[in-house]
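Below: a set of structures, written as structure tokens.
In the two complexes that follow, chain A is the common piece, with chain B as its partner first and chain C second.
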Partner chain A sequence: MRRAAILCLALLSPVGWANPPDPFNSPQWDFVHQRFLKAEPYQFDGKVKVEAPPEAEDSLNVPIAFQVEGLEQVQEVVVVADLNPIQQVLRFRPKAMRPHLAFRMKLQQGSPIHVAAKTPDGIWHVGGVWVNAAGGGCTLPSVGTSSGDWTKTLGKVSGNVWQRPDGSNRLRVRVMHPMDTGLASGIPTFHIENLNVLGADGQVLAELDLFEPISENPMLSFDVANQSQFKLEGRDNNGNRIQAEVSP
Partner chain B sequence: MKAYHPIRKALLALTITAALASSVSFAAVTDQDIANDPGTTNDVVSYGLGLQGQRFSPLTKLNTDTVKNLVPAYVLSYGDEKQRGQEAQPLIHNGKIFVTASYSRAFAVDAKTGEELWQYDHRLPDGILPCCDVVNRGGALYENLFIFSTLDAQLVALDQDTGKVVWKEKMEDYKAGYSNTAAPIVVKGLVITGVSGGEFGVVGKVEARDAKTGKLVWSRPTVEGHMGTLNGQDNGITGEVNKSWPGDLWKTGGAATWLGGTYDFETDSLFFGTGNPSPWNSHLRPGDNLYSSSLLAINPADGKIRWHYQWTPHDGWDFDGVNEFISFDLKQADGKVIKAGAHADRNGFFYVLDRTNGKLISASPFVNKITWAEKIDLATGRPVYIDANRPGKNTDTGKGESVFAAPSFLGGKNWMPMAYSPTTDLFYVPANEWGMDIWNEPISYKKGAAYLGAGFTIRPLNEDYIGALRAIDPKTGKIVWEAKNKAPLWGGVLTTAGNLVFTGTPEGYLKAFNAQTGEEVWKFQTGSGVVGCPVTWEQDGEQFVAVPSGWGGAVPLWGGEVAKSIKNLNQGGSLWVFKLPNTATVAAKQ
Partner chain C sequence: MKHLWGLACLAFSVTVQAANFEYPFTPEQVAPDTYVLEGKTEDFSKENGGFIVNAAYIITNEGVIVIDTGSSRRFGEQQRALIEKQTGKKVIRVYITHHHPDHFLGNQAFRDVPIYALPETIQAAKQEGEMFSNNMYRMIGDWMRDTHLVPPTQTAKLGTETIGGHDLEVLAFQGHTHSDLVLFDKTTGVLFSGDLVFHNRAATTPHANIQQWQHSLETLLKIPFKVLVPGHGKVTKDPAPIAQTRAYLVWLQTTLQEAAASGLDMTEVMATPIPAEFKDLALAQSELRRSVAHLYPALEAEQLKPAKQAE
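Showing the complex of A and B:
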């Protein structure tokens, strides 16, 4: 009897959860939900705030910032550009820092940018913004690749730590990498796959999976409470390692 | 009902455990799988179809009677604008074919359908310095890894299922001229590699890394005077400083181990050949120049050299000694079996050595014209040089006297591996007949620049052919049969217990020959030159053959007047897979 009940619930649950419609009316939303949120339950939620310019001045470098306020224990944040040829932009797992992040990305055309934050109850809280773009951001060769200079700087990290007005710290890093999408003719996919931010004691503060749409030489800003010494560890899809220490 | 349920549950659990166990043991390549490779017919898990490198398959479904029914099963295009030479040997394991391609690319293919499962395109810097085309010769399998080396001298381990990088290690600095194109081998959990770059004054070495992590275990330089390492500690200098090299020349002495090596379980030795001493100009470096143009027998546990044999002491013709050394049982007339090994050198001689101690047993010409030496003296083990045919000493400002030398520096046989059949007791050697005008020039070392001090032009020796596939009897050194080919042969050889020998031609054919008579019994036009290494295996009761197709390699880059025979050959880049359908086997029997 109990088994039967569980079975019923399992069968019914997808029907039981009505999928709320996307406020941006994205034709790709259902697919994005299936593929990147694994068809798990979601709700659009004003607590996930996404900032971006309404028009992308430079399709290769569109600044995006998100902040998740008022949700406890965010497990993971996923950023997806619905109308990009490569949709998934990044996955961010804040372990011991706020679920805030600023970065730059490539846009192939005007697209909704969906940011989904998962809470421990298994629900994705989704926010977003629409960015218009003239286009072409994903199919151009990176500057580093075109100039041939990328080997000199590959994996080099620059960074700094600032105190914010509220007394907490902000960490900003830039990692030199072509971040080639594989969509420019004759240039294979070449991008940073993961990047972890660690405290001076080795504790993992956040894990990041980066994908092809992240801009060349990724620039990332984290809100890091009051820590001021950091280590950065990561790797690209060719197995090149990234290792750095950042202090103010 | 109640009694029934637990049994069913238990049965189910049992089935799941069994399925898990079998899939795990099936998927991971073990040291035992690699050791058994020569005898197992349903896979090819090592370069050389077994680490001894015999390139022999015991399969007999495909034979001189049935080979006429061998038909294409599927073909995979490597795509892209990057074509060039496709010299790889595919590996077959767990329902997948793994193959590398030009420009440091790797592919996995579903062995049933030919569909691509994944592709890995290594990012290459613009400044790579490959001397002789952007080829790759294949990978190694271990556990769930596919390990291959790249043109920027890195070693990359990919997950067999996903093609994702599991680990990557830098072997050397590509800016100093290092690169790597050879297939690694895995011996007792260590992945063993060499390096390329002998035209740039690098220092050759053999290295062993933990195959699971890539961590360096030992390193053995191949030029005397350089320090080896074991687990990060000094492990003895190779040879003796300045014993066979003058001044500082050993510091840029070459002897690149660019073709990798073989391994013999019976003597527990790695056999790695070494390339030319740098620079080519031999007058700059009086002495034997150890251990260039040599064979090294190395202990796989610590990287110590057990013995060496130098094919061409004081090489002045770029006769790299890298060609494969194949372990085999030399059966003598009195019934005695000698643990031997054979090697067909660029310098034109086919050598048989005692592989327990490196002692020379025989050395016989396998090409028609050799100008640099009269013979190899069996008593001393050294060549009897013809001094007049060493290119003359250069002056301070100008070139020295030019000589005509045969074989050419591309060799009586180049990199393309020969095969040995224990069924016919014959070696099948892809030979080429060509010579060169060669002269010396002044040169000084500059990091990353070509370091030759010599100039050359290659010339064919015959109007009608350059290539000749030759069957050689290792007991006598005699050529038993030959099959000539207009263009130079540049592809590896495979032989089977079905009395067959397979090899490719630059003209685009994969060909099969009767292993005893040399009669051509089958051919197929692949659309571009075949310079890769064929393999065969059995799958669902049918025998398969796979070979890469794609013209390139050193010949079109360095070939001089040879260009006449190859100028109309087009590039390509694909993996061809053939099979003998079951119906055809039955038909042939009737």
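Showing the complex of A and C:
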């Protein structure tokens, strides 16, 4: 009854109409909306499906996957962890592949993970999950930096391509990189900033902006059409280039 | 209205009960001189206070031998008080089977008693104990109050030793962790397997090596025990829990390997349906999710090939 009343109020109030409340009740949602969605119109939408375990077993490597189904021409997908000290996780612009992505991230504490997909009408469609975590993931040095052996493998790419039962192909790549957040004492921020996936002919299939919360040695899974030869191009915030060719 | 009052009273009584922080210990005699405090086959929670593990004790002529001290200071203290009240004897020795927090964070209550463990277990308890106990505060809350890390103090020697009329054999295995102590009481035929064996509860794998674990289970089957005390789940007089743990680990390993070979990402593997054979294992789906986090990264990396790269 009370819920129904609140719902009515929300429908009547123009503010409630314009800015639907966050289903996770995140104290940071308004800020996230202002800062990362540029205060543009949004709606919570079940078409943006986000998968993550309810409990993070390893706060340094929390697996997240999203799939946007039934929305045409997704321009950009933004992932934000509301309660992380660095909130923005990644931005993904699928040019010629499905708006699906799987990756791993660092969590400093339990947090809602919001995934917002923008359609050509300028509306953000938002989905999310809540992940509980023991935390501490963002303020720890990377394994590579603390062991000192990251220089040997920096920017090295490995990958593979699989045919999936639904006829699409799955591209998985791992790029060796410390992805230091800058929040561990005495270790400056050092992370991959851009990563583009191209077809063998040079056509850009997707663009990715990665931020500090992405886990060390990022592991990414893409759902592509039926291509099986790919190029990966990118760079980190120190200007180191990433260039590789991945095939099955 | 009456109904509401009933609810309010119920809520109140639950709060009061939890505020006492009394573990519901009921010692079960499993063999002559041998008792087990059987924990629930649940995950850690503020309701169970971490009583999710089997702790045991053997009453000998010289005094009482304790096997594992539970999840918290309160656990160890209440376990010791119960033993001393029931037996009128002193605790003379503690064995810790491995370094997971539900098995040794009660050590604080046994500071004046020699606490035995395998050397790698002592080292791992020192290294990871603080992290474990911090996480335990998050999971079971005030049950953990004033719990401090007390690593085992004595190195357990392999082989048989007679204590107070009981011939006790210490065996060293690997697989659940890097070092898993198993205690075999040859006098009563009771095998204390620690977490190498789970019974009707999905196995946990944060430090597991499945291949070594399988090998250890094969060896355990050759021991002529009459009673099996698993780390979690009901005590039995047959080796069925060993077979169950083996079968679960085979399924887990095969599932993860096949998933990696088909290019799945972690969240997809975590959603694998649990087969009918393991439906009755408590926590099967949540332990599968945890095991994916522990074991999948190495398996998926094996499926990747170095890309062609400009040097």
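Observations on the model:
To be clear about the criterion, the second predicted complex is superposed on the first by the 231 of 248 C-alpha atoms of A that agree within 3 Å, B and C clash if a C-alpha of one lies under 4 Å from a C-alpha of the other, contacts with A are read in each partner's own complex, and residues count from 1 in each chain.
In the analysis below, a residue touches a chain if its C-beta (ideal position, glycine included) is under 8 Å from a C-beta of that chain, and two chains touch if they have at least 3 such contacts.
Just so it is clear, the model here is predicted, and its values are computed rather than measured.
In the superposition on chain A, A:151 makes contact with chain B only, not with chain C. Once the two complexes are overlaid on the shared chain, A:232 sits against chain C while remaining clear of chain B.
By the touch criterion stated above, A:190 is placed in contact with chain B alone, chain C being left untouched. Look at A:104: by the touch rule set out above, it reaches chain C but stays clear of chain B.
When the shared chain is aligned, chain C comes close enough to touch A:246, but chain B does not.
When the two complexes are overlaid, the chain among chain B and chain C that reaches more residues of chain A is C.
In the superposition on chain A, A:221 contacts chain C only, with no contact to chain B.
Touch criterion not met for A:31: it reaches neither chain B nor chain C.
Touching chain A in their complex are the following residues of chain C: 134-135, 138, 206, 262-263, 265-268, 270-271, 286, 289-290, 292-294, 297, 300-301, 303-310.
Chain contact summary for the complex, chain B toward chain A: residues 80-82, 121-123, 125-127, 156, 164-168. For chain A in complex with chain B, the residues that touch the partner chain are 148, 150-151, 180, 182, 185-186, 188-190, 235, 237-240. Considering their complex, residues 51-53, 55, 57-58, 61, 63-65, 102, 104, 134, 155-162, 164, 170, 172-174, 219, 221, 232, 243-247 of chain A touch chain C.
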